[in-house]
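Take a look at the following structure, please.
Naming follows writing order (A, B, C and D), and every chain is counted from residue 1.
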Amino acid sequence: MGGVDDLYREQILEHHRAPHNFGALEQPSVSIDGRNPSCGDLVTMQLKLDDAGVITDVAFSGRGCAISQASASLLTDELRGKRADEITELGTPYVTELLGIEVGPARIHCALLGLETTQKAIATWRNKS
Amino acid sequence: MGGVDDLYREQILEHHRAPHNFGALEQPSVSIDGRNPSCGDLVTMQLKLDDAGVITDVAFSGRGCAISQASASLLTDELRGKRADEITELGTPYVTELLGIEVGPARIHCALLGLETTQKAIATWRNKS
Amino acid sequence: MTAWHTPAGQLDPAKVRAAYPILATKPGGRPLHYLDSAATAQRPKPVIDAVSEFLLTGNANPHRGAYTLGSMATDAYEAARTRTATFLGVPATELVMLGSATEALNLVARSWGKGNLSRGDVVLVTEAEHHANLIPWQQVTREVDADLEFIPVDDVTGEILWDRLDGLLKLRPKIVAIGHVSNVLGSIAPLAQIAPQIHSVGGLLAVDGCQAVANMPVNILGTGADFYAFSAHKMGGLFSGGGLWARANLLEAMAPIETGGDMIREVRLRDATFAEGTQRFEAGTPDASGTVALAAACEFLDELGRQQIHDHEVRMLERVLRELPEALPDARILGPKNAKDRAGLVSFSSDLVHAHDLATILDRRGVAIRAGHHCAMPLHEQLELSATARVSVAPYTTDEDLDALFEGLRDARKIFER
Amino acid sequence: MTAWHTPAGQLDPAKVRAAYPILATKPGGRPLHYLDSAATAQRPKPVIDAVSEFLLTGNANPHRGAYTLGSMATDAYEAARTRTATFLGVPATELVMLGSATEALNLVARSWGKGNLSRGDVVLVTEAEHHANLIPWQQVTREVDADLEFIPVDDVTGEILWDRLDGLLKLRPKIVAIGHVSNVLGSIAPLAQIAPQIHSVGGLLAVDGCQAVANMPVNILGTGADFYAFSAHKMGGLFSGGGLWARANLLEAMAPIETGGDMIREVRLRDATFAEGTQRFEAGTPDASGTVALAAACEFLDELGRQQIHDHEVRMLERVLRELPEALPDARILGPKNAKDRAGLVSFSSDLVHAHDLATILDRRGVAIRAGHHCAMPLHEQLELSATARVSVAPYTTDEDLDALFEGLRDARKIFER
């Protein structure tokens, strides 16, 4: 049962129970919904970016499994001060590091939802500006 | 090789080479094409029937494998004087008897083409009258 | 029948398991407690052997070869169709063999639907339908400007409100398309009762039988249905396979959707005429090995006894319904309260543990359940749920499987109540 | 590669036969000389074993289960898709897995065709097409009032008159749909030459590859095709299976034809959005075991070597072309004179012995050939033939098979010259 206890260890469950940066920004530069239609997981990601493309503020909301919500919460803690183009290069290895554990193929799409939604938000923001 | 020699024995090949009642009637009561689309076999069956539903004359034409043409030829020799409703009851056993051999599932539709076309002709004649 | 039964004549799952070698494997090093048979049933040894046997000794293109092996293949294919028809209680001449239930349901909507529906006509389905019995109707009603209407579900339990049917029949639907057994609710549609109601307003009844045919006795002609679709892999056959039964007069009037070899009568450069009967809907090389597998699956289910299978599954579901609330107190169970009103499955949700987390945690004990919307998103939306967990049972489900399930549920509770 | 090859590196059919247990059976008590591989290829042991293995140890619904066995099934399915894509020389993301070539060709006509053709547009096919690559185009051109035009064939040999293409391209066809290898003529279409011609007038090239992929090296991306369809059972896979490759930008713009589970993004009661990429065209439960079988078939063909297979088959065809006129002097051979211009098969007719009689007589020596129109009635009509006999070869075809063929032909001649 070690594996599950790792995936559902205290830090992750904490982020699930009391997600960080949960809510909405006053005037986000961009706000995007991300969904895992096959699971029903939902993450709404809001970013504020400055002219140099640096993320200055972030908020998210959503619902779904612990993995999707905790991953999104963990991610938001890392985003402020990062440049948009740094984010677009990230993938599974980064999320694995954030969570501190390999998620495995059956659930990796849950773990990636926050990151992928953020990347979609950045792409949208770029197209707008 | 006994089986094949039986199926392609002299009597059958004779009917194939020189089919009986081959050609067309002057004023048929009914004339119908029968086809085996999967083989390309074709039999045109022409019947003359009297008011009592007795077959008074018959002719056929067609092209295709030896089995289809010989079976049709053998059949036409039997039809004159028969009542329409006798014909509609016939099936594989009758054709087997005509040919003097079991034809087997792969070719039975060839052997039946003449009979089935005759039955179709009778049905058409009935609908007309 | 005793090879698979107790002396009292009940199905003995411990004996049945011997026919399913996969149940003795240890995926990921853990014993397998397979509780996802509603997604796909496991294949018994006789089915796997029938496929090998056909390919090793009887393989040829059916309907084509004027040689012995070709006749053998044709005979095997047609015998398999007949065996399947017998299993389902329909004439073989009315059973169209297709690749899946999805294909079958699309055929009804796209062929019968396009041929018979026009502007303003009403098609009635339930809010609980599987996507395969919903989207094709969305498509065809949109194309011909017909109306798609719904038999609603209860907001809390999801149960289909059959008592609304009477009112909806005032719309004089041309067709009512429903699942025989809901793949989320587990509920059994009261076909015997509603078929005459639907017919009395001139409507047809199309039934998606995917979740019914392997879990209870089904005699299609006795249900009152006009169309009935099923999938082989839910019955222990291969993934590929399934079909559509329809009354001969309906089939006769339907145009083929897929065209090509084997379904034609005559083809010229610019036009073609089509074969009669079921053949018209079976374009391309017949799936002889798949159909042989399906027939072997029917044979095996009959050997187990379909009433016995149903009784066994109801016993398993009774235990699930009884013990689930103890193991996971906040579980919201969808569908009928009484296991006797179900076939094969129970779905539930929990605010404490999301269905996907539950599935992952259960997996660590080798318990395989399904989490998600089960191809019924609209139903989940009506229930304001994004996902549910589904436990489904089979002739090979044992109390040990359920013990492992409940232990896993308690693990999950412990983790999330921490 | 030496397990299947001579020391000189040629395919050794005697060795290859060991992988096909059915070839050692005696249907009807006679040795089997299977010369109908163009109708369906025999399945090698590794394919049969791959199916059993999957069902015995890895069977679950791919894409769905959040449990170990489900992930294993998903991995096996996707790995099989990738293996097949590699075999065909295309990206896996552009390979739509379907039930058959018939389905694939229908998808092109019904999805791309309906989306892109309108009144007066021209679709060009050859007079030699298989019904599966003809009737769908008849249907869609009729529906949208487009024109169906034909690349003609030679009245005597049936050879496709490719030199007419240039003139026909003046019609600016929106799509040209042709077989890579004709299943009656055995001829290989000069894709490399005609693809640029077609593209230069703005047309697309859709290729029916059924008879090509197992008989010669085919790298789809290298052919210049825009669509390419194939069937698993012609390659040694199961009857069910096949697919369509299409350029990503074409797939993106195409609407799904079949709807249901697994191909959706979001479904509401009255509308639905569809998944992206190949998934949009793959409605219903994926055929994991069939796809695993197909991948095993690809693996085996690669082990034999596709160039080696082609070379071996050309050697066999050379002998057929050389000795057929001796055995049956009035034989009218269709297609190219030179075996090197063929892949896999030779068809012929005889006024002395009808093709069906020939097949029956050959069967008595265990020789299995096909007689009929081979799902190409229009071609036969152009040639004023109602049926032809077709001999098709495979990696497992031996000189003994051909010896038996010629003995049988001499039997037939003796019977009919009597």
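By our rule, a residue touches a chain if its C-beta (ideal position, glycine included) is under 8 Å from a C-beta of that chain, and two chains touch if they have at least 3 such contacts.
It should be emphasised that the depicted structure is a prediction, and the values quoted were computed from it without experimental measurement.
S.K.: Considering B-C alongside A-C, which chain pair is linked by more C-beta pairs in contact?
M.R.: When B-C is set beside A-C, the one with more contacts is A-C.
S.K.: Taking the mean of the CA coordinates per chain, how far is chain A from chain C in Å?
M.R.: 37
S.K.: Quick one: report the Å distance separating chain C from chain D, using the average Cα coordinate of each chain.
M.R.: Spacing between the chain centres: roughly 32 Å.
S.K.: How many Å are there between the centre of chain B and the centre of chain C, using C-alpha atoms for each centre?
M.R.: For chain B versus chain C, the centre distance works out to 47 Å.
S.K.: Taking the mean of the C-alpha atoms as each chain's centre, how many Å separate chain A from chain B?
M.R.: Whole-Å distance between the two chain centres: 78.
S.K.: In chain C, which residues are in touch with two or more of the other chains?
M.R.: In chain C, residues 64-68, 70, 264, 266, 356, 359-360, 363, 371-372, 377 touch at least two other chains, as defined above.
S.K.: Provide the list of chain A residues touching at least two other chains, using ranges where the numbers run on.
M.R.: Those would be 37-38, 106-107.
S.K.: What topology does the chain touch graph have (line, ring, star, complete, other)?
M.R.: Shape = other; not a path, cycle, star or full graph.
S.K.: What's the complete list of touching chain pairs for this entry?
M.R.: A-C, A-D, B-C, B-D, C-D
S.K.: Could you list, by residue number, the parts of chain D that touch chain C in their complex?
M.R.: Residues 21-22, 25, 27-28, 30, 32, 34, 36, 39-40, 42-43, 47-48, 51-52, 55-61, 64-70, 72, 99-103, 105-106, 127, 130-132, 134-136, 138-139, 148, 150, 231, 233, 238-241, 258-262, 264, 266-272, 283-290, 356, 359-360, 362-363, 366-372, 375, 377-378, 381 of chain D touch chain C in their complex.
S.K.: Touching chain D in the complex: which residues of chain B?
M.R.: Going through chain B, the ones touching chain D are 1, 3-5, 7-8, 10, 13, 37-42, 63-67, 106-107, 110.
S.K.: Which positions of chain B touch chain C when the two form their complex?
M.R.: For chain B paired with chain C, touching residues are 35, 37-38, 104-107.
S.K.: Flag every residue of chain D that touches chain B in the complex, lowest number first.
M.R.: Those in contact with chain B are residues 354-357, 359-361, 363-364, 371-373, 377, 380, 385-387, 411, 415-416, 418.
S.K.: Which positions of chain C touch chain B when the two form their complex?
M.R.: 63-68, 70-71, 74-75, 264-266
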